[in-house]
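Chain nomenclature is as follows: A, B, C, D, E and F, assigned in order of appearance, with residue numbering initiated at 1 for each chain independently.
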Amino acid sequence: MPIVNIKITREGATPEQKAELIGGVTDLLQRILGKNPATTVVTIDEVDLDDWGIGGLPVLVYRAAQASKESKP
Amino acid sequence: MPIVNIKITREGATPEQKAELIGGVTDLLQRILGKNPATTVVTIDEVDLDDWGIGGLPVLVYRAAQASKESKP
Amino acid sequence: MPIVNIKITREGATPEQKAELIGGVTDLLQRILGKNPATTVVTIDEVDLDDWGIGGLPVLVYRAAQASKESKP
Amino acid sequence: MPIVNIKITREGATPEQKAELIGGVTDLLQRILGKNPATTVVTIDEVDLDDWGIGGLPVLVYRAAQASKESKP
Amino acid sequence: MPIVNIKITREGATPEQKAELIGGVTDLLQRILGKNPATTVVTIDEVDLDDWGIGGLPVLVYRAAQASKESKP
Amino acid sequence: MPIVNIKITREGATPEQKAELIGGVTDLLQRILGKNPATTVVTIDEVDLDDWGIGGLPVLVYRAAQASKESKP
(Lines give C-alpha, C1' and ligand atoms only; values in the text may rest on other atoms or scores of the structure.)
Protein backbone atom coordinates (compact mmCIF):
# COMPACT_ATOMS: atom_id res chain seq x y z
CA MET A 1 0.00 0.00 0.00
CA PRO A 2 2.54 2.60 -1.07
CA ILE A 3 1.88 6.33 -1.02
CA VAL A 4 3.49 8.28 -3.83
CA ASN A 5 3.63 12.05 -4.14
CA ILE A 6 4.81 13.73 -7.33
CA LYS A 7 5.53 17.46 -7.28
CA ILE A 8 5.85 19.16 -10.67
CA THR A 9 5.77 22.76 -11.79
CA ARG A 10 2.33 23.86 -13.00
CA GLU A 11 2.89 24.04 -16.73
CA GLY A 12 -0.07 22.40 -18.38
CA ALA A 13 0.14 18.69 -17.59
CA THR A 14 -3.11 17.23 -19.00
CA PRO A 15 -5.49 14.83 -17.22
CA GLU A 16 -4.41 12.17 -19.74
CA GLN A 17 -0.74 12.64 -18.87
CA LYS A 18 -1.54 12.51 -15.17
CA ALA A 19 -3.54 9.30 -15.66
CA GLU A 20 -0.60 7.78 -17.52
CA LEU A 21 1.74 8.79 -14.70
CA ILE A 22 -0.56 7.31 -12.05
CA GLY A 23 -0.79 4.04 -13.99
CA GLY A 24 2.94 3.93 -14.69
CA VAL A 25 4.08 4.49 -11.11
CA THR A 26 1.57 1.95 -9.79
CA ASP A 27 2.83 -0.63 -12.31
CA LEU A 28 6.45 -0.01 -11.29
CA LEU A 29 5.66 -0.58 -7.63
CA GLN A 30 3.89 -3.81 -8.45
CA ARG A 31 6.57 -5.09 -10.79
CA ILE A 32 9.61 -4.13 -8.68
CA LEU A 33 8.33 -4.55 -5.14
CA GLY A 34 5.22 -6.69 -5.56
CA LYS A 35 3.01 -3.96 -4.10
CA ASN A 36 -0.74 -4.41 -4.53
CA PRO A 37 -2.03 -1.84 -7.06
CA ALA A 38 -5.44 -1.83 -5.37
CA THR A 39 -4.01 0.03 -2.37
CA THR A 40 -1.34 2.13 -4.08
CA VAL A 41 -2.21 5.81 -3.80
CA VAL A 42 -0.60 8.49 -6.00
CA THR A 43 -1.06 12.22 -5.56
CA ILE A 44 0.24 14.91 -7.88
CA ASP A 45 1.01 18.45 -6.67
CA GLU A 46 1.27 21.09 -9.35
CA VAL A 47 3.32 23.91 -7.89
CA ASP A 48 3.10 27.47 -9.23
CA LEU A 49 6.30 28.69 -10.86
CA ASP A 50 6.72 31.44 -8.24
CA ASP A 51 6.69 28.79 -5.55
CA TRP A 52 9.47 26.63 -6.99
CA GLY A 53 13.12 27.48 -6.53
CA ILE A 54 16.26 25.84 -7.84
CA GLY A 55 19.84 27.08 -7.70
CA GLY A 56 18.74 29.75 -5.25
CA LEU A 57 16.38 31.34 -7.79
CA PRO A 58 12.71 31.11 -8.74
CA VAL A 59 12.55 28.55 -11.53
CA LEU A 60 11.72 31.04 -14.32
CA VAL A 61 14.66 33.27 -13.39
CA TYR A 62 16.86 30.18 -13.17
CA ARG A 63 15.84 28.99 -16.62
CA ALA A 64 16.45 32.42 -18.14
CA ALA A 65 19.92 32.50 -16.55
CA GLN A 66 20.70 29.01 -17.88
CA ALA A 67 19.48 29.89 -21.38
CA SER A 68 21.53 33.08 -21.43
CA LYS A 69 24.62 31.18 -20.28
CA GLU A 70 24.19 28.55 -22.97
CA SER A 71 23.70 31.09 -25.75
CA LYS A 72 27.01 32.78 -24.94
CA PRO A 73 29.93 31.73 -27.15
CA MET B 1 4.07 20.14 19.10
CA PRO B 2 2.86 17.64 16.51
CA ILE B 3 2.43 18.49 12.84
CA VAL B 4 -0.49 16.81 11.14
CA ASN B 5 -1.24 16.84 7.42
CA ILE B 6 -4.52 15.54 6.04
CA LYS B 7 -4.89 15.05 2.31
CA ILE B 8 -8.41 14.60 0.96
CA THR B 9 -9.96 14.79 -2.48
CA ARG B 10 -11.46 18.21 -3.22
CA GLU B 11 -15.17 17.44 -3.01
CA GLY B 12 -16.77 20.19 -1.02
CA ALA B 13 -15.56 19.84 2.56
CA THR B 14 -16.96 22.89 4.36
CA PRO B 15 -15.06 25.24 6.68
CA GLU B 16 -17.18 23.86 9.53
CA GLN B 17 -16.16 20.30 8.75
CA LYS B 18 -12.52 21.33 8.51
CA ALA B 19 -12.75 23.11 11.86
CA GLU B 20 -14.25 19.98 13.39
CA LEU B 21 -11.43 17.88 11.94
CA ILE B 22 -8.76 20.26 13.27
CA GLY B 23 -10.31 20.19 16.73
CA GLY B 24 -10.79 16.42 16.69
CA VAL B 25 -7.25 15.56 15.67
CA THR B 26 -5.79 17.99 18.19
CA ASP B 27 -7.91 16.44 20.96
CA LEU B 28 -6.76 12.93 20.00
CA LEU B 29 -3.11 13.92 20.22
CA GLN B 30 -3.65 15.46 23.62
CA ARG B 31 -5.68 12.56 24.98
CA ILE B 32 -3.52 9.72 23.63
CA LEU B 33 -0.03 11.20 23.72
CA GLY B 34 -0.37 14.15 26.06
CA LYS B 35 0.62 16.62 23.33
CA ASN B 36 0.06 20.30 24.06
CA PRO B 37 -2.83 21.56 21.87
CA ALA B 38 -1.34 25.08 21.86
CA THR B 39 1.48 23.93 19.61
CA THR B 40 -0.31 21.27 17.56
CA VAL B 41 -0.52 22.34 13.93
CA VAL B 42 -2.91 20.74 11.42
CA THR B 43 -2.94 21.44 7.69
CA ILE B 44 -5.48 20.13 5.21
CA ASP B 45 -4.66 19.64 1.53
CA GLU B 46 -7.59 19.35 -0.82
CA VAL B 47 -6.34 17.55 -3.90
CA ASP B 48 -8.10 17.88 -7.27
CA LEU B 49 -9.68 14.65 -8.50
CA ASP B 50 -7.38 14.54 -11.57
CA ASP B 51 -4.40 14.61 -9.22
CA TRP B 52 -5.42 11.62 -7.09
CA GLY B 53 -4.86 8.06 -8.21
CA ILE B 54 -5.78 4.75 -6.63
CA GLY B 55 -5.55 1.25 -8.09
CA GLY B 56 -3.51 2.68 -10.96
CA LEU B 57 -6.36 4.95 -12.10
CA PRO B 58 -7.48 8.53 -11.53
CA VAL B 59 -9.97 8.37 -8.68
CA LEU B 60 -13.08 9.14 -10.78
CA VAL B 61 -12.23 6.39 -13.27
CA TYR B 62 -11.54 4.05 -10.37
CA ARG B 63 -14.88 4.79 -8.74
CA ALA B 64 -16.75 4.28 -12.02
CA ALA B 65 -14.99 0.93 -12.49
CA GLN B 66 -15.86 -0.13 -8.93
CA ALA B 67 -19.50 0.92 -9.34
CA SER B 68 -19.81 -0.96 -12.61
CA LYS B 69 -18.27 -4.07 -11.03
CA GLU B 70 -20.64 -3.92 -8.10
CA SER B 71 -23.73 -3.50 -10.26
CA LYS B 72 -22.94 -6.68 -12.21
CA PRO B 73 -24.85 -9.77 -11.05
CA MET C 1 -9.37 7.62 0.71
CA PRO C 2 -7.62 10.23 2.81
CA ILE C 3 -3.90 10.21 3.51
CA VAL C 4 -2.90 11.41 6.97
CA ASN C 5 0.62 12.06 8.17
CA ILE C 6 1.37 12.73 11.82
CA LYS C 7 4.80 13.99 12.79
CA ILE C 8 5.73 13.79 16.45
CA THR C 9 8.98 14.03 18.36
CA ARG C 10 10.49 10.61 19.09
CA GLU C 11 9.84 10.29 22.81
CA GLY C 12 8.56 6.81 23.40
CA ALA C 13 5.10 6.60 21.85
CA THR C 14 4.09 2.94 22.21
CA PRO C 15 2.62 0.70 19.49
CA GLU C 16 -0.63 0.73 21.47
CA GLN C 17 -0.76 4.54 21.46
CA LYS C 18 -0.02 4.60 17.76
CA ALA C 19 -2.76 2.06 17.09
CA GLU C 20 -5.19 4.21 19.08
CA LEU C 21 -4.16 7.28 17.09
CA ILE C 22 -4.60 5.45 13.76
CA GLY C 23 -8.05 4.26 14.81
CA GLY C 24 -9.06 7.66 16.16
CA VAL C 25 -8.08 9.67 13.11
CA THR C 26 -9.73 7.18 10.78
CA ASP C 27 -12.97 7.39 12.81
CA LEU C 28 -12.90 11.20 12.70
CA LEU C 29 -12.59 11.23 8.92
CA GLN C 30 -15.50 8.81 8.60
CA ARG C 31 -17.72 10.63 11.06
CA ILE C 32 -17.02 14.19 9.86
CA LEU C 33 -16.48 13.74 6.13
CA GLY C 34 -17.97 10.31 5.42
CA LYS C 35 -14.60 8.95 4.25
CA ASN C 36 -14.35 5.17 3.83
CA PRO C 37 -12.12 3.75 6.59
CA ALA C 38 -11.07 0.87 4.33
CA THR C 39 -9.01 3.24 2.18
CA THR C 40 -7.87 5.74 4.82
CA VAL C 41 -4.10 5.56 5.25
CA VAL C 42 -2.30 7.03 8.28
CA THR C 43 1.46 7.26 8.65
CA ILE C 44 3.32 8.40 11.74
CA ASP C 45 6.80 9.95 11.55
CA GLU C 46 8.77 10.01 14.76
CA VAL C 47 11.33 12.77 14.44
CA ASP C 48 14.54 12.78 16.50
CA LEU C 49 14.75 15.65 18.95
CA ASP C 50 17.80 17.11 17.20
CA ASP C 51 15.78 17.30 14.00
CA TRP C 52 12.87 19.28 15.40
CA GLY C 53 13.02 23.03 15.87
CA ILE C 54 10.55 25.48 17.36
CA GLY C 55 11.03 29.14 18.19
CA GLY C 56 14.31 29.07 16.26
CA LEU C 57 15.81 26.47 18.62
CA PRO C 58 16.17 22.70 18.76
CA VAL C 59 13.21 21.50 20.78
CA LEU C 60 15.21 20.44 23.86
CA VAL C 61 16.92 23.81 24.07
CA TYR C 62 13.55 25.48 23.56
CA ARG C 63 11.95 23.51 26.39
CA ALA C 64 14.82 24.29 28.74
CA ALA C 65 14.49 28.00 27.93
CA GLN C 66 10.72 27.89 28.54
CA ALA C 67 11.15 26.04 31.83
CA SER C 68 13.75 28.50 33.02
CA LYS C 69 11.53 31.44 32.05
CA GLU C 70 8.56 29.98 33.90
CA SER C 71 10.53 29.29 37.03
CA LYS C 72 11.60 32.92 37.32
CA PRO C 73 9.52 35.00 39.72
CA MET D 1 12.79 19.15 -12.02
CA PRO D 2 10.15 17.02 -10.36
CA ILE D 3 10.33 15.87 -6.75
CA VAL D 4 8.98 12.41 -6.09
CA ASN D 5 8.47 10.83 -2.69
CA ILE D 6 7.62 7.16 -2.30
CA LYS D 7 6.50 5.86 1.07
CA ILE D 8 6.51 2.11 1.56
CA THR D 9 6.35 -0.15 4.58
CA ARG D 10 9.79 -1.24 5.80
CA GLU D 11 9.84 -4.87 4.70
CA GLY D 12 13.21 -5.52 3.15
CA ALA D 13 13.31 -3.56 -0.13
CA THR D 14 16.89 -3.99 -1.40
CA PRO D 15 19.21 -1.26 -2.68
CA GLU D 16 18.85 -2.84 -6.14
CA GLN D 17 15.07 -2.61 -6.03
CA LYS D 18 15.27 0.99 -4.85
CA ALA D 19 17.68 1.82 -7.68
CA GLU D 20 15.28 0.27 -10.16
CA LEU D 21 12.41 2.27 -8.71
CA ILE D 22 14.40 5.52 -8.90
CA GLY D 23 15.32 4.83 -12.52
CA GLY D 24 11.81 3.77 -13.48
CA VAL D 25 10.04 6.80 -12.01
CA THR D 26 12.58 9.18 -13.55
CA ASP D 27 12.05 7.55 -16.97
CA LEU D 28 8.28 7.87 -16.66
CA LEU D 29 8.51 11.58 -15.93
CA GLN D 30 10.76 12.09 -18.91
CA ARG D 31 8.65 10.00 -21.28
CA ILE D 32 5.23 11.31 -20.24
CA LEU D 33 5.94 14.92 -19.30
CA GLY D 34 9.32 15.62 -20.91
CA LYS D 35 10.95 16.30 -17.54
CA ASN D 36 14.73 16.50 -17.46
CA PRO D 37 16.12 13.42 -15.66
CA ALA D 38 19.18 15.40 -14.54
CA THR D 39 17.06 17.40 -12.10
CA THR D 40 14.48 14.79 -11.12
CA VAL D 41 14.85 13.91 -7.44
CA VAL D 42 13.31 10.80 -5.92
CA THR D 43 13.26 10.00 -2.21
CA ILE D 44 12.05 6.78 -0.63
CA ASP D 45 10.70 6.63 2.93
CA GLU D 46 10.57 3.23 4.53
CA VAL D 47 7.98 3.40 7.28
CA ASP D 48 8.01 0.99 10.23
CA LEU D 49 5.00 -1.32 10.33
CA ASP D 50 3.83 0.16 13.65
CA ASP D 51 3.74 3.58 12.03
CA TRP D 52 1.49 2.64 9.10
CA GLY D 53 -2.26 2.36 9.45
CA ILE D 54 -4.95 1.32 7.00
CA GLY D 55 -8.62 0.63 7.63
CA GLY D 56 -8.22 2.16 11.07
CA LEU D 57 -5.68 -0.49 12.13
CA PRO D 58 -1.90 -0.87 12.22
CA VAL D 59 -1.02 -2.62 8.97
CA LEU D 60 -0.04 -5.97 10.55
CA VAL D 61 -3.33 -6.16 12.44
CA TYR D 62 -5.16 -5.19 9.28
CA ARG D 63 -3.46 -7.91 7.25
CA ALA D 64 -4.21 -10.54 9.88
CA ALA D 65 -7.86 -9.48 9.88
CA GLN D 66 -8.01 -9.66 6.07
CA ALA D 67 -6.35 -13.08 6.01
CA SER D 68 -8.71 -14.43 8.63
CA LYS D 69 -11.71 -13.07 6.68
CA GLU D 70 -10.53 -14.67 3.47
CA SER D 71 -9.91 -18.05 5.05
CA LYS D 72 -13.50 -18.22 6.32
CA PRO D 73 -15.85 -20.27 4.13
CA MET E 1 20.94 18.37 -3.18
CA PRO E 2 18.56 19.25 -0.37
CA ILE E 3 14.80 19.49 -0.78
CA VAL E 4 13.12 22.19 1.27
CA ASN E 5 9.39 22.70 1.68
CA ILE E 6 7.98 25.81 3.33
CA LYS E 7 4.31 25.90 4.26
CA ILE E 8 2.84 29.30 5.07
CA THR E 9 -0.68 30.62 5.36
CA ARG E 10 -1.91 32.26 2.13
CA GLU E 11 -1.83 35.93 3.10
CA GLY E 12 -0.25 37.79 0.26
CA ALA E 13 3.42 36.80 0.13
CA THR E 14 4.76 38.49 -3.01
CA PRO E 15 6.91 36.86 -5.71
CA GLU E 16 9.77 39.09 -4.53
CA GLN E 17 9.47 37.83 -0.97
CA LYS E 18 9.32 34.24 -2.19
CA ALA E 19 12.42 34.77 -4.31
CA GLU E 20 14.22 36.21 -1.29
CA LEU E 21 13.18 33.19 0.77
CA ILE E 22 14.37 30.76 -1.91
CA GLY E 23 17.71 32.52 -2.12
CA GLY E 24 18.10 32.78 1.65
CA VAL E 25 17.39 29.13 2.42
CA THR E 26 19.68 27.97 -0.40
CA ASP E 27 22.48 30.17 0.98
CA LEU E 28 22.01 28.78 4.49
CA LEU E 29 22.32 25.21 3.27
CA GLN E 30 25.49 26.06 1.39
CA ARG E 31 27.04 28.00 4.25
CA ILE E 32 26.15 25.62 7.07
CA LEU E 33 26.27 22.22 5.39
CA GLY E 34 28.24 22.88 2.21
CA LYS E 35 25.31 21.85 0.02
CA ASN E 36 25.55 22.66 -3.68
CA PRO E 37 23.09 25.47 -4.51
CA ALA E 38 22.76 24.19 -8.09
CA THR E 39 20.81 21.17 -6.90
CA THR E 40 18.99 22.66 -3.91
CA VAL E 41 15.24 22.69 -4.54
CA VAL E 42 12.82 24.82 -2.53
CA THR E 43 9.04 24.65 -2.79
CA ILE E 44 6.58 26.95 -1.07
CA ASP E 45 3.02 25.87 -0.23
CA GLU E 46 0.59 28.63 0.51
CA VAL E 47 -2.20 27.10 2.56
CA ASP E 48 -5.69 28.63 2.71
CA LEU E 49 -6.62 29.96 6.13
CA ASP E 50 -9.51 27.47 6.44
CA ASP E 51 -7.02 24.65 5.93
CA TRP E 52 -4.65 25.64 8.73
CA GLY E 53 -5.30 24.81 12.34
CA ILE E 54 -3.41 25.66 15.52
CA GLY E 55 -4.42 25.17 19.12
CA GLY E 56 -7.32 23.01 17.91
CA LEU E 57 -8.87 25.91 15.96
CA PRO E 58 -8.79 27.25 12.41
CA VAL E 59 -6.10 29.90 12.41
CA LEU E 60 -8.45 32.91 12.07
CA VAL E 61 -10.54 31.78 15.01
CA TYR E 62 -7.35 31.12 16.96
CA ARG E 63 -6.02 34.61 16.27
CA ALA E 64 -9.30 36.23 17.26
CA ALA E 65 -9.27 34.26 20.52
CA GLN E 66 -5.66 35.30 21.23
CA ALA E 67 -6.39 38.95 20.45
CA SER E 68 -9.44 38.95 22.71
CA LYS E 69 -7.44 37.33 25.51
CA GLU E 70 -4.65 39.89 25.19
CA SER E 71 -7.00 42.84 25.19
CA LYS E 72 -8.51 41.75 28.49
CA PRO E 73 -7.12 43.56 31.55
CA MET F 1 3.34 29.83 12.08
CA PRO F 2 5.20 28.39 9.15
CA ILE F 3 6.11 24.72 8.87
CA VAL F 4 9.45 24.03 7.22
CA ASN F 5 10.79 20.62 6.22
CA ILE F 6 14.37 20.15 5.11
CA LYS F 7 15.39 16.85 3.53
CA ILE F 8 19.11 16.16 3.26
CA THR F 9 21.16 13.06 2.63
CA ARG F 10 22.37 11.40 5.84
CA GLU F 11 26.06 12.28 5.79
CA GLY F 12 26.96 13.41 9.24
CA ALA F 13 25.26 16.75 9.83
CA THR F 14 25.97 17.57 13.47
CA PRO F 15 23.46 18.73 16.09
CA GLU F 16 25.25 22.11 16.04
CA GLN F 17 24.77 22.44 12.28
CA LYS F 18 21.13 21.46 12.59
CA ALA F 19 20.62 24.01 15.35
CA GLU F 20 22.18 26.69 13.15
CA LEU F 21 19.91 25.69 10.27
CA ILE F 22 16.81 25.81 12.47
CA GLY F 23 17.78 29.25 13.74
CA GLY F 24 18.67 30.55 10.28
CA VAL F 25 15.47 29.48 8.57
CA THR F 26 13.34 30.83 11.42
CA ASP F 27 15.14 34.19 11.18
CA LEU F 28 14.59 34.34 7.41
CA LEU F 29 10.87 33.79 7.80
CA GLN F 30 10.66 36.52 10.40
CA ARG F 31 12.77 38.98 8.46
CA ILE F 32 11.21 38.43 5.02
CA LEU F 33 7.60 37.60 5.85
CA GLY F 34 7.21 38.86 9.41
CA LYS F 35 6.41 35.36 10.69
CA ASN F 36 6.40 34.85 14.45
CA PRO F 37 9.44 32.75 15.43
CA ALA F 38 7.58 31.40 18.46
CA THR F 39 5.32 29.34 16.23
CA THR F 40 7.71 28.51 13.39
CA VAL F 41 8.38 24.78 13.29
CA VAL F 42 11.30 23.27 11.39
CA THR F 43 11.86 19.55 10.88
CA ILE F 44 14.91 17.96 9.30
CA ASP F 45 14.76 14.57 7.55
CA GLU F 46 18.06 12.82 7.03
CA VAL F 47 17.56 10.39 4.16
CA ASP F 48 19.78 7.32 3.71
CA LEU F 49 21.90 7.44 0.57
CA ASP F 50 20.15 4.36 -0.89
CA ASP F 51 16.85 6.18 -0.57
CA TRP F 52 17.84 9.27 -2.52
CA GLY F 53 17.88 9.36 -6.30
CA ILE F 54 18.93 12.05 -8.75
CA GLY F 55 19.37 11.82 -12.50
CA GLY F 56 17.64 8.43 -12.40
CA LEU F 57 20.35 6.95 -10.18
CA PRO F 58 20.95 6.39 -6.46
CA VAL F 59 22.95 9.41 -5.32
CA LEU F 60 26.24 7.55 -4.74
CA VAL F 61 26.15 6.04 -8.24
CA TYR F 62 25.26 9.45 -9.64
CA ARG F 63 28.19 11.13 -7.88
CA ALA F 64 30.61 8.46 -9.09
CA ALA F 65 29.37 8.93 -12.65
CA GLN F 66 29.75 12.74 -12.37
CA ALA F 67 33.26 12.43 -10.94
CA SER F 68 34.33 10.02 -13.67
CA LYS F 69 32.89 12.35 -16.34
CA GLU F 70 34.72 15.36 -14.89
CA SER F 71 38.03 13.55 -14.66
CA LYS F 72 37.95 12.71 -18.37
CA PRO F 73 39.99 15.06 -20.56
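Going forward, contacts are C-beta pairs under 8 Å (C-beta built on N, C-alpha and C of every residue); 3 or more make two chains touch, one makes a residue touch a chain.
Because the structure is predicted, anything quoted here is derived from the model rather than measured.
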{"item": "Both-way neighbours, i.e. chains that touch chain F and touch chain B", "value": "C, E"}
{"item": "Copies chain B and chain C touch via same or different residues, half shared test", "value": "same"}
{"item": "Centre distance in Å when chain E and chain F are each reduced to the mean of their C-alpha atoms", "value": "16"}
{"item": "Centre-of-Cα separation between chain F and chain A, whole angstrom", "value": "19"}
{"item": "Whole-Å gap between the CA centroids of chain B and chain E", "value": "22"}
{"item": "Two or more partner chains touched - positions in chain D", "value": "1, 3, 7, 21, 25, 39, 41, 43, 52, 54"}
{"item": "Contact graph of the chains (line, ring, star, complete, other)", "value": "other"}
{"item": "Contact pairs between chains, per stated definition", "value": "A-B, A-C, A-D, A-E, B-C, B-E, B-F, C-D, C-F, D-E, D-F, E-F"}
{"item": "Residue ranges of chain C touching chain F (in the complex, touch as defined)", "value": "7, 47, 50-58, 61"}
{"item": "Complex interface listing, chain E residues touching chain D", "value": "1, 3, 39, 41, 43"}
{"item": "Partner chain D, residues of chain C touching it in the complex", "value": "15, 18-19, 22-23, 25-27, 37-46"}
{"item": "For the chain C and chain B complex, residues of the former touching the latter", "value": "1-9, 13, 17, 20-21, 24-25, 28-29, 32-33, 35, 39, 52, 54, 59"}
